[in-house]
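Two complexes are shown next, each including subunit A; its partner changes from subunit B in the first to subunit C in the second.
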Partner chain A sequence: MRAISLELYKLRHKRLLLMITLFMLVEIAWAFMAASMSISRNPNSAEWEVLIAMLSSMNGLFLPILTAICVSRICDMEHKGNTWKLLLTFSVKRSTLYAAKYISASIIMLAACLLQVLAITVFGFINGFKQPVPLILMIRFLTGTVLANMVIIALQQWVSMAVKNQAFALSLGMIGGFIGLAADLFPAGVRRVFVWSYYTGLSPITQSYANEKIQFIVRDMSSLLPGIVVLIAAGIAIYLAGCVHVSRQEV
Partner chain B sequence: MNQIISTHNLSKRYDDTYRVINLNLSVCEGDIYGFLGPNGAGKSTTLKMILGLTKPTDGKVTVFGKDLEANRHFILSQTGSLIESPSYYGHLTGLENLRVVQKLRDVPDKNVEEVLKIVRLHKQKDKKVEHYSLGMKQRLGIAMALLSFPKLLILDEPTNGLDPAGIEEIRELIKSLPQRYEMTVLISSHLLSEIEQIATSVGIISDGVMVFQGSMESLKRKSNSTITIKTRNNKLAQELLFQKGYSPTLHGDFLVFENLTDEKIAQANRSLVASNIDVLRIEEHKKNLESIFLDITGKERSL
Partner chain C sequence: MLRRCISAEWMKLRHSRIWMILMILPVISVLIGSANFYMNQGVLKKEWYSLWSQVGLFYGEFFFPILIAICCAYMWRLEHNNKNWNMIMTAPVSATNIFLAKLIVVGVLMFFVQLFFLALYFIGGKLAGITSDLPVELTGWLLRGWIAAITISTMQLALSMRIRSFAAPIGIALCAVFIGLGMYITHLGLFFPHSLLTMGMGVLSQTSLSAGESILFAIINMFYIAVISTGAIYRMRKSDVAA
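Now for the complex of A and B:
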């Protein structure tokens, strides 16, 4: 706990939360504009589902980039000030530091996801949606997004810690964003390989085109389970590999 | 006296080259141990091994009488250090940087106030460290090392980048630590002149090998003085003094004598004057420590 609070303390003056909030607001505004258009074109379609589906597909583009920036900011300060050595001479374990950074990044990105859920709810109320807030769908949306985020954090943290030049990590984030955006266009087998495709892959709502009309279909939970299991396993593997690799580096 | 640090045949190999070879370093309690050597001699590598930052290829490190491998946590909790360039979080203020260390060390607020005063940063404590000058960053690094008032302080070239006034200030500070806080200090430097005035013991390392270790006094004893005498007729003077039992050698315009007592010099002078040889100059030449250092390390290049 102390290590995590210390990580959050070290983020002072970085204006990370402000940057994330602004980034999220742009995404949310964009997604809601698209959703509004879709709802006005098809007044009979289910409204909450449209919002969730739009945000899920936008997340594929925005969250990999935002995660890359956030993780890079958390890790870069140790490279910049040469502080690895300092922390190690205070008998801080590398694995503890790695875990503290991972958890801090996860907490911050969780806040970003919660902001999305809050925005959906507020948008729904303001626009007087007929159905009540779909709690289960919202929880499934949040869980899927957070899970995909946590795996991407593990990947980004590995790169940000192992390679001093943060341009690598940020480029990876951008490539991830591109893959995340285009994920639905890939065949299912290819899609499963890329961790960035799971924002839409784990979304509770899927879009399909039938008779030149978009339909929003609620996915069955059981159809998502194999994907969740694969993703969690990949996340754990990436985290452990990163932790071991970074711990073995010379300072 | 209690040994605080001792290394036994410590070696470190990077790829195919040994940076440190069979090093036996020994620092006693209350010492200010000057660890000297030219750039790239293996000083930082040795200090990193003592702090457990780098694993030795061979050999053993004992600190406070305990094996480093098995007691790393205990040893580091009693040790403050500044290795190579100072480490800091540039986006945080000086005070916030110290707070980070305070949380890691679990020490009271008064320590923070005290170290800020010791390194004279209390006026700049709210300034971001990225806006500090190099000297201020170095002082902050020392403050971080001192924060828990450890029993052992390891400083790797702490005066790098400081101006002469800053060097003097740090020197005075380090000198006062053993008495004021009962600390033992291990300080490395590539400049003998920097260590000369504060160190009680010295270790000199060259190409990874310890070439001298002992008290500052014993190093100074190596600085034998020579006496040179210039006369109106050096040749005649040399012959005369040979007969009197002296063994001068002629170097340019001077007769050079090794190990002469004051009485012997007076006698030689009297003999020369009595033989009507005018004595123009009698000079004493002390070999300074810097040249002893160069002799020992065998390096005439810039240190």
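Now for the complex of A and C:
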């Protein structure tokens, strides 16, 4: 607990939250522009669903990159300040440090996801959507996004800590962003392999093109469960592998 | 003196394995683009032009600006480490030379990236079974893309110089990509570095720029390069460094 609050304390003047908020605002603006165009084209379609679907497909591009940036800053401050040795002379285990960094990154990214949910709600109210706020859908959207995020944080943290040169971690984030963006074009077997494709993969709404019209279909919870289990397993595996590998590295 | 600065910059890049990143990102964009072209050959019938629209979209619109941002952030990374700002500012070279050397090195690297991309485009097209000749506009696209890349490099170098964090300028670059896309759509493309790249490389519309537009394109690029680098050099000369 103390380690986590210290991690957040170290970040206090880094303006990380400001950057994430700005980044999120660009994404949200982009997604909502697309959504309102889609709504005005066919006014009868369900409105909240369109918003959520647009945002989760944008998430596939933005969140991997944002995660890469966020995690890289949290890990790079120790590389840059040469403070690894200092940190390790305290009587904390390396795995505790790793966990503290992981959890603080997760908290920050959770804030970004909450911001999205808030933005959806506000946008809905301002535009006077007819249906009430779909709480269940929102919670499912939030859970899916946060889950996918946490796996990617584990992966990014491994790379950011193991390789001092942050260019590699950021390139990985970049590549991830593009896989996330193009995820829907891949066949299902390939999609399962890439962790970045789960932003759209776990989204409660799916888009389908039938008769040249986009339809937004609410997915069944049970159809998503296998994906969730695979993702969580992958996340735990990546986290443990990263933790063990980094803990054994020479500083 | 400038030549020495450039060779110093080259030495700093040794063993950095930055070339791996410079290679990987174009390979991925050509792979995605070619695969997309190959699968949709029914719709994309204009052979090299269609392939360019697919490959260029991923490369010119997204990967290349970010590649530039990563490369520029890397150029300053060493300076931000280990109190090296003090070292470089006390070295008997002028701020102008330091900045220009970095810009030239990035420019040369980007030139090689463009050539590499051309090779990949050619291989991708041949593998997809295109038999016609290469489009005549190709040199123009690559050359203008390179000029716009230098403009973006100047902007990114200035950003990375001011911002100590490695990742923040890259985040800004990504936001700028989207702003550039918006500017391009609203026909203000000539006034923003990132949309200059879109226009110059003919990513979204492949009609060649007219002579007047080409001149305007060159002038605006020169303007951006001159203004941003003057600002950055002035800043380097006048403000105190925090090592």
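The definition used in the following text is that the second predicted complex is superposed on the first by the 251 of 251 C-alpha atoms of A that agree within 3 Å, B and C clash if a C-alpha of one lies under 4 Å from a C-alpha of the other, contacts with A are read in each partner's own complex, and residues count from 1 in each chain.
Please note the rule applied: a contact is a pair of C-beta atoms (placed from the backbone, for glycine too) under 8 Å apart; a residue touches a chain by one contact, two chains touch by 3 or more.
Every value quoted in this text rests on a predicted model; they were computed, and no experiment measured them.
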Item to complete: Using the superposition on chain A described above, determine whether A:Leu86 touches subunit B (first), subunit C (second), both, or neither.
Response: first
Worksheet item: In the superposed arrangement, does A:Lys130 touch subunit B (first), subunit C (second), both or neither?
Response: neither
Practice prompt. Would you check which partner chain A:Arg248 touches, where first means subunit B only, second means subunit C only, and both and neither mean what they say?
Written response: neither
Discussion item. Under the stated touch criterion, which partner chain does A:Phe23 make contact with: subunit B (first), subunit C (second), both, or neither?
Written reply: second
Worksheet, complete the sentence: Interface residues of subunit A shared by subunit B and subunit C, listed 14, 80, 82
Worksheet item: Which residues, counting only subunit B, touch subunit A once they are in their complex?
Response: 48, 51-54, 72-73, 76-77, 79, 81, 83-92, 96, 99-101, 103-105, 128-129, 144
Worksheet item: In their complex, what parts of subunit A are in touch with subunit B?
Response: 2, 5-6, 9-10, 12-14, 77, 80-92, 250-251
Worksheet item: Which of the residues in subunit A come into contact with subunit C in the complex?
Response: 14, 19, 22-23, 26, 30, 65-66, 68-70, 72-73, 76, 80, 82, 165-168, 170-171, 174-175, 178, 182, 185
Response to the item:
Contacts from subunit C onto subunit A in the complex sit at residues 16-18, 20-21, 24-25, 28, 32, 36, 58, 62-63, 66, 70, 73-74, 77, 80-82, 164-168, 170-171, 174-175, 178-179
